[in-house]
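In the two complexes that follow, chain A is the common piece, with chain B as its partner first and chain C second.
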Partner chain A sequence: MRFKASIHNITTFTKLTASLNSLGPLAWVKLSDEHVCFTIIPEQGTQVWAVLSIDSIFETYTVQSAAGNVINLEVPLTSLTRALKSALNATSAQLRLTKKDSAPLLALTIAVANAPNAHAAFPATAANNDDGFDAPFDSAFGSGNRETIVTQEIPVRVLAPDTVAGLHEPQCREPDVHIILPPLLQLKSISDRFTKLAMAGVKSGAATAPSRTRLEVAANMHGCLRLSIKTDAMSISSVWTDLNNPELDPSQVTGIAEHPSTRMKQLGTADGRSDEGWASVRIDGRDWGKVMSVGRLGGRVIACECECALCFCHDHALILYVYLPSDNGEDESVLTYYVSSYSA
Partner chain B sequence: MVVLNFTLTPEAAAKVHDLLVCLGKFSDTVAIEARRKSFTFTALNSSKSAYAAVGLDAKQFFTSYECIPSHGGPEGRFTCSMYMKALLSVFKGRLYDPLGRDGAIDRCEVTVQDRADQTECRFIVRMVCNQGVIKTYKLTYEAVDVMHALFDLNVAKNRWSMHAAAMKEYVEYFGTKTEMLDIFAGEEGRAVFKSYTEKITNGHEILKHPLVTAVAVNTSDFEDFNVQTGLHIIISVKDFKAIVLHADTLKTSLKAYYSRPTRPLQLSYGSDGLLCKFTLMTSGDYNASTASTPAPQVLSRQASRAESASNERPENGNTGSEMPPPNEPASRRSARRRNPGSKKPSSPRRERPDSETLFVQQDDEDSRWEPLDYNNEEETLGWDASAEHDAAVFPTFRDTARGSQIGTEDSVEALAPTQRISQIKGLW
Partner chain C sequence: MDDEDEHPILTCVSSSARQLYLLLRCINFSEKAHVQLSEEGIKFSVDEASAMEGSAFLDKSLFTAYTFRTPPPQRNSQNSDDEDEEDTSSTPTFQISLPSLLETLQIFGLTDPNTSKPPWARENPTSTAFSNTVLGMNNMCRISYDTTGAPLSIILTEATIRTTCNLTTYEPAFADEIPFDRQSIAFKTIMRGSWLFDAISELSSTSPEKLTMVARMHRGKPYFALSSSGDLGSARVEFNNNPYPSNRPPPPPTNPNPTDAENGPQPTPHLLEIFKLSSPSSTLRNSYKFSLIQKAARAMSVATKVSVRADTQGVLSLQFMIEVESGKICFVDFRFVPLVDEDGDDDEGEGEETMMGDGNGDEGPSARARDGSLGSGTASEDEDDDDDVEMLT
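Entry: the complex of A and B
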């Protein structure tokens, strides 16, 4: 069983593991020739099934095993995230599967270039020397062996193929409504605010009752998304309009004419005032806040903005697809969140 | 009848704050030893595996310094012990601020009131602030004999020194919750700092094992590196982190001296009349692979005794009861170190990894995306705290009248808007 890869996109990888970590402490990582899959199945709350193209995070990637070159690992996300964070300023980072005292572990080897003797020469300005402006002279004429090597060892468990054979991605019927989400930070801050309002004035013991923090998320096929919370004392909702309902691809979906979303298109209006045409689900506000944590992958650069689509099965399920852009534009990476929903 | 008066500049007072924070990571109490020419803070941790001494030079560090011990002549001393928390609440952070903002002081005057004709013995600190405000703190202290760890530099042939800022960068790679630090002089010109935990875990627990981090540094990156190749020496990573963080506040170089595993290791650094020395217990070869440890033990024991006699003995009879902890048999100490239960962290405070960093890093930008912590008290809405039916966090005028209002119709109106009507019934 061998796995070795160098990481070429440390920032993305770190943000990915950090956002997955907010949903659960352990990830099932499946390494194969085609994809890298991260799956989080917490005891309760939202499941994530992420399928990443190999070149979205790795380069020079080799995986070999007796089970058809597939390796299944159970990885503690907190340790992995912590290890990856220490690689953010690295010149190179390599991840490989190895063993120490018969315990399997993922070894992350990081090379960090350090400006030679920068601290000794300019003690007073040591903190400003990280920009490396005075480094080129030494690296050009110096020994060239100035890198500091950091090794982080992350304990893992190897999962047998039988163990993972019973894990299946949830199945859902065709969605009633699908819609592209507004900027996630906006959505996150509003849903966080709603959840906070729902919990205000409640003793911390009672606040854990999930019935209080149920958010209702609804959307129609005319570009409207509505987030609302209702208690006996109040009812608040925020409505977004002019969002995009992506067209279904005829090559992927058969029978568009009978598709539930086609029927939903007949109902409702684009200003979101009509009561008709909404598909809605009830979700836990705190769980939703954890899901929204994926927004960090989008970053601030517009070109890298990840696209998030939400699929509604009325009163039944909510599925969030997060598409990550890839360099070659072919192999898309998709994170699928199966958001746990509650009946009314 | 002791006379001890000294004055500190704001910069020096801020340094006292920094060193107290560092010593506070070792012990809950700090001991003070004042002599005619020097002033020393010492701390010994509860398992006696780490001893810290910060010496302040009377001329360089203080604006003015006067110490006349009650007895003992020129070598006499005044010793006492105080609670770290008490001193830290006096020597707060931000005592020195060039812009003179909140908390900044003009100077700090300390006197010890210890007279037979006075009813109270107090350690009195006067913080003279910028607007003519004078804050006077009177602290109690306990008369104790101060013990010193002895360390024989002559035997400590293995030495290295490195700028604290560089060392701090390496320390930041270490995972949280690790216990040990192995300093290894490897071949090919590299020194390896490895943080790890010896805890044995099995089954599912193995995934909770902390990260093992090894930082391989070129020996050419050290200012000076002179260590026997292949030598492993193991200390507590928590102690090392505390020391490096403090050394970094002084922008100075950290120097290490040690002979061999199970013998003490000393880390020292200092600048501007402040000299810090940390004597740490070490334990043996962590994988017992190197058989090439030298054995100058008899020599070292005797030399350290000799030095102890020359340095510390010429004191008066009643202060001479020093029992240097490192003279304990080495085998016993290393055995204790291997038992994880005996090495309890001396301070319950959890150190945040980047708490010292002033500048906004990528992490901070990232933190917006963290799921919100709804249990955070400061985050809760509180425009009418009196609606809380357990004791309100924010006292309001309604609190006083609540007793008479309970059970009347009015009190319903005081509910926060999100209170469910259905829940109100059960409360009375």
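Entry: the complex of A and C
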């Protein structure tokens, strides 16, 4: 069993693990020839099934095992995130599966280049101010290649193929509504405020235990997304309009005419004022806030904005797809979040 | 809410939810606020243990559109003993959750992660040079109240997002307003809000329990002082009107506040714009709970002017004039019930107190610890306080 890879996009990888870590402490990582899969199945809350193409995080990648070149690992995400954070300024970082005292571990080897003027240990630091002296001095000591090597070891568990054989991605019926989300950070800031509002209501009611905040998320097939929450003191809802409902691909979905979303298209209006045509789910506000933290992956890290789609199965479940575009534009990485709905 | 067959009691539109937020934030010290709708505007009032109340009046000129229809007088307002309003019989009054309203009003803009970044770093550069965001008009806010008992609904729109908030309206509580007798005012003065704010924040450093207000005429000149006392010691801030040019350097600023820079050197007309005592020969002295006064600090910090009044019963009224955008003026009122003097020993000591600036030096508020380093002028009355300070240092 061999696994060795150099990390090609440390920032993205760190943000990804940090955002996954907010949902659960342990991840099942499946390494294969084409994909890296991260799966988090917490006791409560949202499941994540992320499938990343190799070149979105790794380059020069080798994976070998007796079980068809697939390695299954149980990785503590907190340790992994912490290790990756120290690699943020690294010139190169390598991840390796090794053994120490017969305990398997992932070794993250980080090379940090010392900036030429950061030779604090050298007595001749003052000379560095003068560029004329600096160059020969550096070359004499080979300072251009001076690197600090740091190795962080993350204990992992190797999972036998039988162990993970029973784990399957959740199955869901065909969604009633699918919609492309507005910018996740905007959505997050509003839903966080809603959660805060609901908490404020609970505080005044003192006697009630810190109950879960039930956020209702709804969407229709006319580009509207609605977020709402109800407390004793108030009910508040925000409606986004002019969003995009992607067309279903006939090659992927059979029977578009009978598809639930086609039916939903008959109902509702584009200004979001009609009561009809909404597919809604009730979810935990704090859990949703954690899911939304994946929005950090977007923005400047990846040049092109990440695209997120929501699929609604009315009163049943919510599926969030986060598409991370890869460099070559072919092999897309997808993070899939399965959020279950509370009953009404 | 569109106008249907039934005309709603109130519909109004504000071009800036932020304006409303800044005003209502001044009285954010209680869970529930009374709302009173009238032809002239909306009055929000909150009260704390019947010892303090604060109210903010949103004049209808703050709104771009304001329509109020008197509801059929089916239910009389319980708070009809308010002397401010002439006809309160048909004034709809109810309670709402004030924190919820404030949270709603700032749902957009303030926490938008985009605004903290420069325009080129934003995720979706939607704003152009001609968009409403540039004008600060990006948060339209529409408030409506349909019928008696209906929720108060607030609709905020920004770009393609529309937020509707329905605040549950509660029956008004039977809290009487703190009576303030306008006919028998014992003392009145007007000054800058920021000066009062500086004084109060200076005094708060010793976490005092009570605030004593002293006003009298001293050698024909007004004298106004705020002093605080608590477990850690006591302190006093004096406000003197100096009709003559200062003949000695002003005291070193005790706290670096922005107002010092602008009004320090140039001769201010008068620190206390108006100073009226009902009986100039006597000294007015009232005490209030400091923690209550401090709740008005937010209003002090944003107010341009404050009118400080006390009636013969000792009830303190602080009226803040707050300038909102485009020169519009709003008022936020506070009233405080005085503390009852349990023992009269305070009166004897402080009645003899000398003015520290001697009436010719102090220009602007100056807080000095009476005890310890600066207290030489008033040492006679502070023996017991001195001990406290020495223990601390």
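Note that the second predicted complex is superposed on the first by the 300 of 344 C-alpha atoms of A that agree within 3 Å, B and C clash if a C-alpha of one lies under 4 Å from a C-alpha of the other, contacts with A are read in each partner's own complex, and residues count from 1 in each chain.
Please note the rule applied: a contact is a pair of C-beta atoms (placed from the backbone, for glycine too) under 8 Å apart; a residue touches a chain by one contact, two chains touch by 3 or more.
The model shown is predicted, which means the values in this text are computed figures rather than measured ones.
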Who does A:K196 touch here: chain B (first), chain C (second), both, or neither? both
Once chain A of both complexes is superposed, is A:P42 in touch with chain B (first), chain C (second), both, or neither? neither
Of the two partner chains, chain B (first) and chain C (second), which one does A:M234 touch, if any: first, second, both, or neither? both
Please indicate which partner A:E74 is in contact with in the superposed arrangement: first for chain B, second for chain C, both, or neither. first
Who touches more of chain A, chain B or chain C? B
Would you check which partner chain A:G272 touches, where first means chain B only, second means chain C only, and both and neither mean what they say? second
Please work out whether A:L185 is in contact with chain B alone, chain C alone, both, or neither, and reply first, second, both or neither. both
Looking at the overlay, does A:D242 come into contact with chain B only (first), chain C only (second), both, or neither? second
Which parts of chain A are touched by chain B and by chain C alike? 185, 196-197, 200-201, 204, 231-234
Complex interface listing, chain C residues touching chain A: 31, 96-97, 99-100, 103-104, 107, 111-114, 121, 123-124, 151, 160-168
Residues of chain B touching chain A in their complex? 163, 165-166, 169-170, 172-173, 175-176, 190, 204, 206-218, 220-221, 223, 251-253, 362-363, 366, 368-372, 374-375, 379-382, 387-390, 415-423
Listed in rising order, the residues of chain A that touch chain B in the complex are 11, 15, 18-19, 22, 26, 74-76, 79, 82-83, 85-86, 88, 103, 105, 114, 116-120, 123-124, 126-127, 143, 145-157, 185, 188, 192, 195-204, 206-207, 212, 231-234, 286, 289-290, 292-296
Inside the complex, what are the residues of chain A that reach chain C? 182-183, 185-186, 189-190, 193, 196-197, 200-201, 204, 231-243, 272, 298-300, 305
